[in-house]
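To keep things simple, chains are lettered A, B, C, D, E and F as they appear, and every chain counts its residues starting from 1.
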Amino acid sequence: MSTLHLVNRPSALASCLETARDEDTILLLEDGVYAAAASDVDRPLHAIDVDVMARGLSRRLRENVTLASYEDFVRLVEDHQPVVSWR
Amino acid sequence: MSTLHLVNRPSALASCLETARDEDTILLLEDGVYAAAASDVDRPLHAIDVDVMARGLSRRLRENVTLASYEDFVRLVEDHQPVVSWR
Amino acid sequence: MKLAIAVHGPPWNSESSASACRFIHAALDAGHDIVRVFFYHDGARAGDALAVTPQDEASVLDRWVRLHEEHGIELAVCIAAALKRGILNEEERERYGKAAASLHPAFQIVGLGQLTDAMIEADRTITFAA
Amino acid sequence: MKLAIAVHGPPWNSESSASACRFIHAALDAGHDIVRVFFYHDGARAGDALAVTPQDEASVLDRWVRLHEEHGIELAVCIAAALKRGILNEEERERYGKAAASLHPAFQIVGLGQLTDAMIEADRTITFAA
Amino acid sequence: MAKRILYLLRQTPYGSSHAAEALESALVSGVFDQTVCVLFKDDGVWQLVPDQDGALIGTRTVGKMLKALPEYEITRLFACERSLAERNLSPADLVVAVKVLAPAEQAELLADQDAVLND
Amino acid sequence: MAKRILYLLRQTPYGSSHAAEALESALVSGVFDQTVCVLFKDDGVWQLVPDQDGALIGTRTVGKMLKALPEYEITRLFACERSLAERNLSPADLVVAVKVLAPAEQAELLADQDAVLND
């Protein structure tokens, strides 16, 4: 199984990216979603929908970012092990 | 009078440096002292002595760093206005 | 899946409590079980019965209490993290001679081993960081 | 000089309270006056009488209380920041129907205007950030 | 004589309560008829993004609070040019009108103040 | 069957209580006979600096706590090569012996775990 990386601050993304294998999944939540609007990252990123919308970032997301609901979040946890938090 | 900049995290130093005039003074305290051992900054920096020693950084300071006691800190406040905190 | 949840951020000054609540609701809806929610670091403050929620904000404490009352979710606050942050039950209040207890009854004060124990029992451990 | 001090970080999880105490002692020794210490954001938790300090750590609460008792330093906690974080005096406890009060008597709960007021009166304002 | 007070806002609006609480302090200083100005810098410029909706995550909407600043006679609002550019934020598309300053100009603005508060 | 638990330590030792509290959790996991390892990364490598003295600022000395790890059978200690280099820290001059890993190796180490906790 591949690893699920949770990032809850933009400043933690760089260190996470350095340590995430290609087959791992990165999910941005809370303030981490700001990275979905600012940094140009060349791998797919998931971002929690309510966090994106609350911050007014819906129209500012990079193309490689897909929105995820909390239901999606649970499914990602089912399909990955371990779950690593970056802050 | 010139401005006194207080920095209490290494991550805040870059933004402080960008906004500090040559005649301003920068004082690193708390975790800010880690910047006195890591970043190569080409302007003088002051660092609070107890914070440096508590972290085992006494022998790791860059040449442009001078130790400051809390008495020095008070004198710096006397000679500068305003005092700006960066975190 | 059996899930162990760790909450590290305080309820008012980070979103980790609110995010953890949302995640738990979605996990329960998907048929998963929560072994235990372990509140560590500033997360221990989630159990504070004295906090007053401003009217224009949702009360995270109410959401935790409802999860406990409606789904029997175990809300475990680490004793070492709690004491330092002024989160006391009656027993600790007496032990340290403090004037009052602050822990909400839906929460319990436990030792750090309960986190390791939850990780052992669970299929996944998810931390909602500070 | 007349100095206004703002403390933004919580006592156990950041050094801002400890640093502010050190600075105030040095300022008093140099003959300066402290207009007021204003505790805002998580700094409001400095006034928590229920916190238990681990034995291998210095109690910041004791240092604040000594500064108040020995030098008459005014320790003002912002009401909006305090209520949200479970810091209540008897009056607020009653107003919100809470089971207990947690504020240490050396501290007082004040409105946000007391910070602006201190800045107006002081020659310098120093913030010890979170 | 009114004091010159600047609020240096560098935190994101929703990651912690610091941004909202610092804004409340700024509003109060405005009520006290002080010469108040605000500088949004680094992650603080995220506070200026339109279409925020704090209710979605159970908190106040910081963007709305900013609109109250002019009512408290706080009209001197500044934003850091570099911080906006880094985040692809255009000065024309913000919740409140701000004067964009380069870092060197910000240094002069800071130097003019009697007190600077941060979030 | 013992679970594989990794503590990912990325915070400075004295800026907050997170580092010390995460170490305490690691020690307890060691007592519970789990297969525990620790990865120091980013600012977490500052925890490995010798000559720390927390008493000077009224707190515990995190460097000393690290020395207790082996007594709790936690001997698999790793540190991030990039994080050490960025901070001019030499692996030979740290409070405890660590195996230095490049980021890619760290990714494999993480993937092997049943649970990862952070400070």
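Just a few scattered comments:
Heads up, the rule we're going with is that a residue touches a chain if its C-beta (ideal position, glycine included) is under 8 Å from a C-beta of that chain, and two chains touch if they have at least 3 such contacts.
Note that the structure is predicted; figures quoted are calculated from it, not measured.
Path length between subunit A and subunit B in the chain contact graph, taken as the least number of steps between touching chains: 2. Looking at subunit A and subunit C, the chains that touch each of them are E, F. Graph distance from subunit B to subunit C, where chains that touch are one step apart, equals 2. Most remote chain with respect to subunit F, judged by CA-atom centres, is E. Of all residue numbers used at the contact between subunit C and subunit D, over half are used by both chains, marking a mostly same-residue interface.
Of all the chains, the one whose CA centre sits at the greatest distance from that of subunit C is B. Subunit E maps onto subunit F through a rotation of 180 degrees [Cα fit, steps of 5, range 0 to 180].
The greatest number of inter-chain C-beta pairs in contact is found between C-D. For the pair subunit D and subunit F, the distance between C-alpha centroids works out to 34 Å. Rounded to whole angstrom units, the spacing between the C-alpha centres of subunit B and subunit D is 24.
Look at where the CA atoms of subunit C average out and do the same for subunit D: the two points lie 27 Å apart. Those residues of subunit A in touch with two or more other chains are numbered 8, 30-31, 50-51, 81-83, 85-87. Counting partners per residue, subunit E has 14-15, 17-18, 57, 59, 114-116, 118 as the residues that reach two or more other chains. Residue numbers of subunit D whose C-beta contacts span two or more other chains: 12-15, 41, 54, 80, 84, 124-125, 127, 129-130. Across the assembly, chains come into contact as A-C, A-E, A-F, B-D, B-E, B-F, C-D, C-E, C-F, D-E, D-F. Looking at the complex, you find that subunit A touches subunit C at residues 6, 8, 29-31, 48, 50-51, 69-71, 73-75, 77-78, 81-83, 85-87. Interface residues of subunit E, counted against subunit B in their complex, comprise 6, 8, 10, 41-42, 82, 103-104, 106-108, 110-111, 113-116, 118. Taken in their complex, subunit A has these residues touching subunit E: 8-10, 30-31, 34, 37-38, 50-51, 53-60. Subunit C makes touch with subunit D in their complex at residues 10, 12-13, 41-42, 45, 48-54, 80, 83-88, 92-93, 96, 98-102.
The touching residues of subunit D, counted against subunit B in their complex, run 1, 3, 14-16, 19, 22-23, 25-27, 29-30, 32, 123-130.
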